[in-house]
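One structure is given here, and the rest of the page talks about it.
Letters A, B, C, D and E name the chains as they come in the text, with residue numbers starting at 1 for each one.
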Amino acid sequence: MLATSYAVPSILIFITSAVLILVGAVGVISVRNPVHAAISLIMTLFGVAVAFIAQAADFLAAVQIIVYAGAIVVLFLFVIMFLGVGFKHIPNIEPLVGQKAFAAVGVLVTVAGLIALMASSNWVTGATKVSGSALAGGNGNVKQLGTAVFTTYLFAFEATSALLVIAVVGAVLLARRERATLKDVPQGQSDDADEEVQS
Amino acid sequence: MHSSIYLGVLIVMPLVGALVAILTRKQENISYYVAVVTATLELALAIVVAVLYNNHLAGDGTYDFMSRHVLSAPLGLAYDVGVDGISLFMVVLTALVLFVALLGARERRREASFVGWLLLLTSFTLASFVSHDVLEFFIFFEFTLVPSYFIIANWGGAQRARAALKFFIYTFSGSAFLLVGILYLGFVHQHQTGGALTFAYSALANTPISHGVSVWLFIAFAIAFAVKSPIWPFHTWSPVTYAEAPTGGSIELSALLAKLGSYGLLRFAVGLFPLALPDMRPIVLTLAVIGILYGSLVACATPDLKRLVAYSSVAQMGFITLGIMSGSVIGATGAVLLMFNHGVITMGFFLIIGFIEQRRGSYQIKDLTGLQGPAPVMAALFTVVMMASLGLPGLSGFVSEFLILVGTFGTHAWWGAIAAIGVIAAAAYLLWAYQRVFHGKATGVNAAIPDASTKERWVLVPVVALILVLGVFPKPVLDRITPSVDVLIHHVAPTGVSK
Amino acid sequence: MAHIATLILLLPLLGYVLVFANGRALKERAIGAVATAVVALSFVLTVVAFILLLHRTNREVTVHLFNWISVGSFHVSAALLVDPLSITMCLFVTGISALIHLYSTAYMHGERDYRKFFLYLNLFVFSMLVLVLANNLLMTFVGWEGVGVCSYWLVSFYFERDSAASAGKKAFLYNRVGDFGLLVAMFLLFHYTHTLNYLGVFHLAGTLSPTVATLTVLALLLAATGKSAQIPLFNWLPDAMEGPTPVSALIHAATMVTAGVYLLVRMSPVLTMSPDGRLTIAFIGAITAFVAATIATSQRDIKKVLAFSTVSQIGYMVLAVGVGAYSAAIFLMVAHAFYKALLFLGSGSVIHSLNGEQDMGKMGGLAKYLPITFPAFLVGWLAISGIPPFAGFFAKGDVLTNAFEHNKLLWAIGVITAILTAYYMTRLFVLTFRGNERFHEIEGVHEPHESPWPMTVPLIVLSVLAIVGGVIDLPWAHGATLAHFLNPVFGFVPAVAPASTGAQWGLALVDVAAAVIGLLAAFAIWRDTSENPRFESKFFAHVWYWDDFYDATIGKPLTRAAQFSDDVVEPKIIDGAVGAVAVGIRDSAEGLRKIQSGFVRQYALAMVLGFAVIVVYLLARVH
Amino acid sequence: MIAAASSVTIPSIHYLALLPVFTFFGASLLLLVLSAVVADKVRINLATAITALASIAVMVYAIFQWAYVSNHGATTTVAHAIVLDGFAVVGTFAIGAALLMSTLVAHDWAKRERIAGADFHILALASSMGALLMVQANDLIVIFLGLEILSIGLYVLVGFDRHRSTSDEGALKYFLLGGFASAIFIYGVALTYGATGSTNLSSISYFLSQNVVLHPGLLYAGGGLLLIGFAFKVAAVPFHAWSPDVYEGAPTPVTGVMASIVKVGAFAALLRVLISALGTQLDTWRPILFVLIILTCVVGASVALVQRNVKRLLAYSSINQAGFMLLGVWAGTPRGAAATLFYVLTYAPVVIATFAIVTLVGGKGDEHHSIDHYRGLARRQPWLGGALAVLLLTQLGAPLTVGFYAKFTVLAATIDAGGGALALVALLSAAIAAYFYLRFALTLYADDDVEGTRIHVPWLTGGTIALGVIVAVLFGLWPGPIATWVQHATLLFLP
Amino acid sequence: MNVPAAWYLVLGALLFGVGAFGLLTRRSALIMFMCIELMLNAVNLTFVTFSRTLNDIAGQASVFFVMVVAAAEVTVGLGIVVAVFRRRSSTSVDEMNELKG
């Protein structure tokens, strides 16, 4: 779909994606309303998709849009709406003393450190694939991806099935209502429980 | 060479006894008698072994009754037993202590579980005395913790929980150092020989290690044994533990388990790390002397009889340590003899204190006066034990203490001389206590206490007999101990102080 | 010979065993009979042994019993050494013991622990014989401690009396201090001669360096001061009078307390090596003799007076040893044994007659009531005061002569002491037997009565000995004297210019004069009064405040130290350190527990911080 | 349809190697289908039976696999994504056993709590499958997937109890932090991939053995992040904060699962990654582990001292235990791997049995977890209380129990690798731990309030507890077999 | 393709950092999930970048799996949130600290 953007200088593409990604990310962590956060998440996702395309991962870009933007974020929005969280006011005062400051320092050090580490080793040290065709764009890319998934990562691929099954089962179980279990505990007892845990 | 089967039986018999005792727990007395029978057989067999052991006739101090089987190569675990003149009497003592502890036991102490623990403890202690493999020794050394812990925790006095905890943690932490040391030594040996992992004593004893390493290892070993013995200043667990433990427990702990410490110090710390001795001797000797004087000092002021014995044990252990570290055959032999004698003497003390506690419901000195009036026999028995403890010539304590002091004086004159002051001190606190407890006019409850019963007298017969015999004619014992000590000291001699 | 010696030793033990084994069955009489018989028998055997020994050329017989201790280079066997010295000791030890056993059978009549008393007594005699007969220091030490512990038991015989209990303890402890000396002496000797066998040690004594010799001698001296109640360890003896009187007579006058002197005499070859050591000994002896005498002048308790006089007399012996007059020391020891035992038994008889009253203030005028005790006591009094021809005169004279030849100062002290001796003994004699009868104020006493025969017979025998005892060492009877008999034992005796006969007569006269002066003074002062503060100095009465001094300088500090270590050092410092660790862990744990706040974002933060640290580490590793 | 794609050649598949995974997955699918088609809820007995059979089957396979491995040596399959070696086999066996025991406990628990249906079993099977993947994986991606399968199953299980608000609180905390950790882990995978050009462990180690990495920054970063990911899973301080809360919040049988199966999986994968893939980088990650171990041992032991809630106490105790397991990893030698394996293998049944007892004492509603509920337990019910005492002593590492040898082996490995000081610190932390274990044991024997409620012991749970105790004592007296086994297992280690 | 890979890697790292920061500072469970998603996307970006520089498809394949995982996580995660919200009618994680100590 977006396969016709080769004319555009890649530097522009990078900047676009970077802007999209970072603005979106900052949006996610800064806006108050979850709905807006979800929207900015989509923005980041798009940015990432752009970056994918810029790096000859068209198929992934597509999946990125479909799966993430299409499915995941929608799921988020659905839940937000479903719970009506968006309109429930979460007070904005930070109860944990120094949380923000420490977080900022910790994250900054970490990220800076990681970047420095990567920089120290000229960003990549692995063995480049010489055998086989170079990383192709477009359909070739899809074919290579498919081959990889069904050979090298065959087992991983099979495993994902299990993963998804579990996820679904889990979600179902969690979302189920009380009546799902035949348990009948007098209200008093669970109150005791809470008190006991608090004490 | 005799077959090692004797030792095997010695180790296993108490286990079987314990099992049977537990199985017959429903009928209390049966289990008790099972235990007593086991103890009797054990004692008999131990004496047989002591008699059969005849290496000393050839003036040869090496092991007998030996055999080695590797149990688990990856763990370096092996069953490796043997007896030499040093361990021989520890074996006898172990059996004797069990015997006396059982006979001295009273109502609640006859429960199957109690006698069961007692038998287990005996088996483990015995095993560690006869192990000829450092790891094996350590494992059984650790094993003894469990029965002792339960004996204290379940049958002790009011403070038993605290006492048991303190005892366990203290010893556990102490042996942490030991374990690290043992493993380190084992691997040093393995890396040098390139062979399989082994902890065989004979193998490790000949492992060449640098001076520094051997100093560190010595310290690691010494800490563990210092806690167990106990050597000042690692002793603070012992008063509360001895005081809270039931009579049987106190006897096992002070008369027997403490000896594991000094035995280990002699056999392993001294035996394995000759290079460390020149540096370590002055330090340990000083600690020993401090222990002697300090223990005696506190014993003068301590308010109850059990603590008194505990602190006097600290002093006595000081003497033993002195002899062990003196680097002289005479001193070390004396130390080994004192290990045995002190065992017997403490046994006597705790038995009699037990009797008193049973009658009077208290072993606080202030609660007791003039017992000699109503209970002359008990007083007499106590006197004998006391005199032996304060080193009255003609009784067992004296021979060993004198040997230790003479030996030490020969190699480290000042330490020997100062330690001799302990002889005065011992008299001071013991007589002072005796006067407060047995002299004076008995009134009220004290006036009414019954004298030692026939059974109680019989229990004390072996104790008194040993005190007298070993005081007058220690030769048979010394003849067996000396060659082995000689071997050990001379293995050390090239670097240590010779006799 | 060997068997006899062994028997001499074992008979008292046999008695002990017999009485112990079936004592419950035996009646008082039987117990007393057995106990006395065995000792008497062993005395007879000693006499036999003595005669046999006289007829031998080699008068050093070693009797090997069995190997006692043998470790590496350390060998000690249980063996006896029968030689003139030991046999002399045995003679008077067994002899006097026999008499006192006999005496006790009556004196202790009706005591609850009658049986125990004789058990102890027999055990004591056994130990004493071990002490004197042993052929090595270690075995001597066995006897040494044996007599010590027996004395402990006998002093605190009336254990329900706190004073008795404490006295027993005190005696044992003071002795222990002395024993420390003996131990050190043994260490030194073994270290330098590799043996503890007397003959062996003597053989190598010459090789000892002066320093070592002096150290050894001082150590031995410490031992002697303990056992023989010399300064600085003399003040246990008076307290020891808490024991029954026969005990005081036997142990704390005749035999045990002289063990210290015996030890020094026995070790004479070593003493010889150290002139300084000997001089110290001499002075200790002299000073003790003087101090004790002064104290004795102001005591009210009859037994206390005798006790201090014992100390003072032993001071003479030690002085003799110090000046190398070993035989003189032994001579005085024997003579003193006779008359001091006599005096004690006499006083015992007196006390017995007054229902146990010991305060001389409550006596007086007893002469006519005690027809046998009185003359016996008279003899004893004259003997100790040094009136010729009684034993004391010769013995003390011998000592003083030697002292004179050796060191005038010592002699002077000796003479002054002699005056004091005569003085306090006369005082005691007068207060007890002369003057007005003051005993009526003692309840229950109307008519003091003489004691039964078992008590009087020993008195008679002893008074005879006290009279004729002097003959065994008459200065002019050369050849057949005790000195002549003993001297070989001492090997080299330090040469002192033997005084001319004239000088000897002069000295003798001085002695007599001293005695008479003391006597008359005492009579003048005490004839018609029982109280005379001017002559009973508080200072002396309180033993020069010696006990208080020790209590203040040693007793109290030690007790405080002990209390302190039990109350503070032990729980707070040593165990406290351990506790502190535990508390530290617990507190930090509580802190960590706070951090586990329940806020998931803080958990995440913790992770991020850990993350950051690791990244920084890796970064540091790269560069 | 895979067969249809002719262009790609499907990698050969060694089915014996995959059988355990398939079994678990199959079983869970079966139960899923059953609960879907059966009108009423699936009989819990049936669910338990199937799960138990599956786990027993897995243990049996493990035996066959062992035979195969010892005959043919270690091998990989499915394009080197999965490895079949002694190490994996032991792990597989351990997981099978752990699942079996947990299921039995959970069965009685579910009955008590009146929880119908096969939900627990489905999730437990799935999680175990995830653990199996981690044990057998030879590819970082597969490890990651295993990790996720394991975790997702657990997230749900933790929130399983609807009647305690703590349950879903635990679930949410676990999920948030777990997600964070997964992100870190996969980022580490990405960086490692960048640094070595592959996500396959064999290829990575080959690459590292062939080339000298002049600029290891990227590699270090990758390794570090992977390490953090694992550190989170095994609850090493400071990445442990989740575990006390989650242990307390989760239904007790689930806590047992977390303390056993998760540790097996995580440690197996950790050992594989660090030793076989990044073995050449030993010097880099050792210092990190050094610090982690000291923190983990000390914090775990000391904070447990001040706990009143038994589940939290055991949580901290298991943190302390994790510290010891890490010792073997630190050593980075075959002996170390064997030691950790020994530790995990013996710890799993013991800790499950412990939590089984906690489950029983917890009572209906799973709420009685204060230490006071244990006062005098051993006086009232000598067998139950005695069992708990033994299990505690085992975790303490007391002699006569297998815990003693577990600690012994890891310490031996550590010292062998030159970590004397580290070993000493760990041991002293054990001495601290001894304090609360013993105090707990003493509470059991407290003779006040001997009159307490008697706890009914269902026979399945009882059997599980018995099994745990037997393992603890039997191998405490006779550790030889296990020691030999794990040693061989690591000799058959790949590569 | 003249944009150096480094830029993308840095971009990824930054994105990861932003996500982490959000996770630490936002209190709504939902938003925290989104932050996790951000981090996963950062990882994906990194994968793809390496895939390109290494000229190897494996990186892209990995992204594929990461996406699946992300999907699975979100499914379960939202399920948990729903469950929690039912009980507390709030998604603020700060209101959940019964479990502590």
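Definition applied: a residue touches a chain if its C-beta (ideal position, glycine included) is under 8 Å from a C-beta of that chain, and two chains touch if they have at least 3 such contacts.
None of the values given here were measured: they were computed from a predicted structure.
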Inset, instruction - Kindly list the shared contact partners of chain C and chain D, in label order. - result: A, B, E
Legend entry - Chain labels contacting chain C and also chain E: A, D
Inset, instruction - Tell me, please, which chain's centre (mean of its C-alpha atoms) is farthest from the centre of chain E? - result: C
Inset, instruction - Give the label of the chain whose average Cα location is farthest from that of chain B. - result: A
Inset, instruction - Based on C-beta pairs in contact, work out which chain pair has the most and send it over. - result: A-E
Legend entry - Innermost chain, where centres are averages of C-alpha coordinates: B
Inset, instruction - Provide the C-alpha centroid distance between chain B and chain E, rounded to the nearest whole angstrom. - result: 65
Inset, instruction - Take the average of all CA coordinates in chain B, do the same for chain D, and state the distance between these two points in whole angstrom. - result: 43
Legend entry - Chain centre separation (chain D, chain E; CA means) in Å: 26
Inset, instruction - Express in whole angstrom the distance between the two chain centres, defined as the mean CA positions of chain A and chain D. - result: 28
Inset, instruction - Quick one: which residues in chain D touch 2 or more of the other chains? - result: 141, 145, 148, 152, 155-156, 159, 162, 165-166, 172-173, 176, 180, 184, 191, 193-194, 197-198, 215-217, 220-221, 244-245, 248
Legend entry - Shared interface positions of chain B, touching two or more other chains: none
Inset, instruction - Would you give the residues of chain E that are in contact with at least 2 other chains, written as numbers and ranges? - result: 9, 16, 19-20, 23-25, 27, 33, 49-50, 53-54, 56, 58, 61, 65, 69, 72-73, 76, 79-81, 83, 93-94, 96, 98-101
Inset, instruction - Go through the chains and record each pair that touches. - result: A-C, A-D, A-E, B-C, B-D, C-D, C-E, D-E
Legend entry - In the complex with chain C, residue positions of chain D that touch it: 172-173, 176-177, 180-181, 184, 215-217, 220-221, 224, 227-228, 231-232, 238-239, 241-242, 244-245, 284, 287-288, 299, 302-306, 432
Legend entry - Residue numbers on chain C that touch chain B, as the complex places them: 66-74, 116, 138, 141-142, 144-146, 149, 152, 156, 159-160, 162, 165-166, 168-169, 172-173, 176-177, 179-180, 183-184, 186-187, 190-191, 558-559, 561-563, 565-567, 569-570, 574-575, 578
Legend entry - Residues on chain C engaged by chain E in the complex (per definition of touch): 593, 596-601, 604-605, 608
Legend entry - chain A-facing residues of chain C, complex: 597, 599, 601-602, 605, 608-609, 611-612, 615-616, 618-619, 622-623
Inset, instruction - Would you pull the chain C residues touching chain D in the complex into a rising list? - result: 585-586, 588-590, 592-593, 596, 598, 600, 602-604, 606-607, 609-611, 614-615, 617-619, 621-622
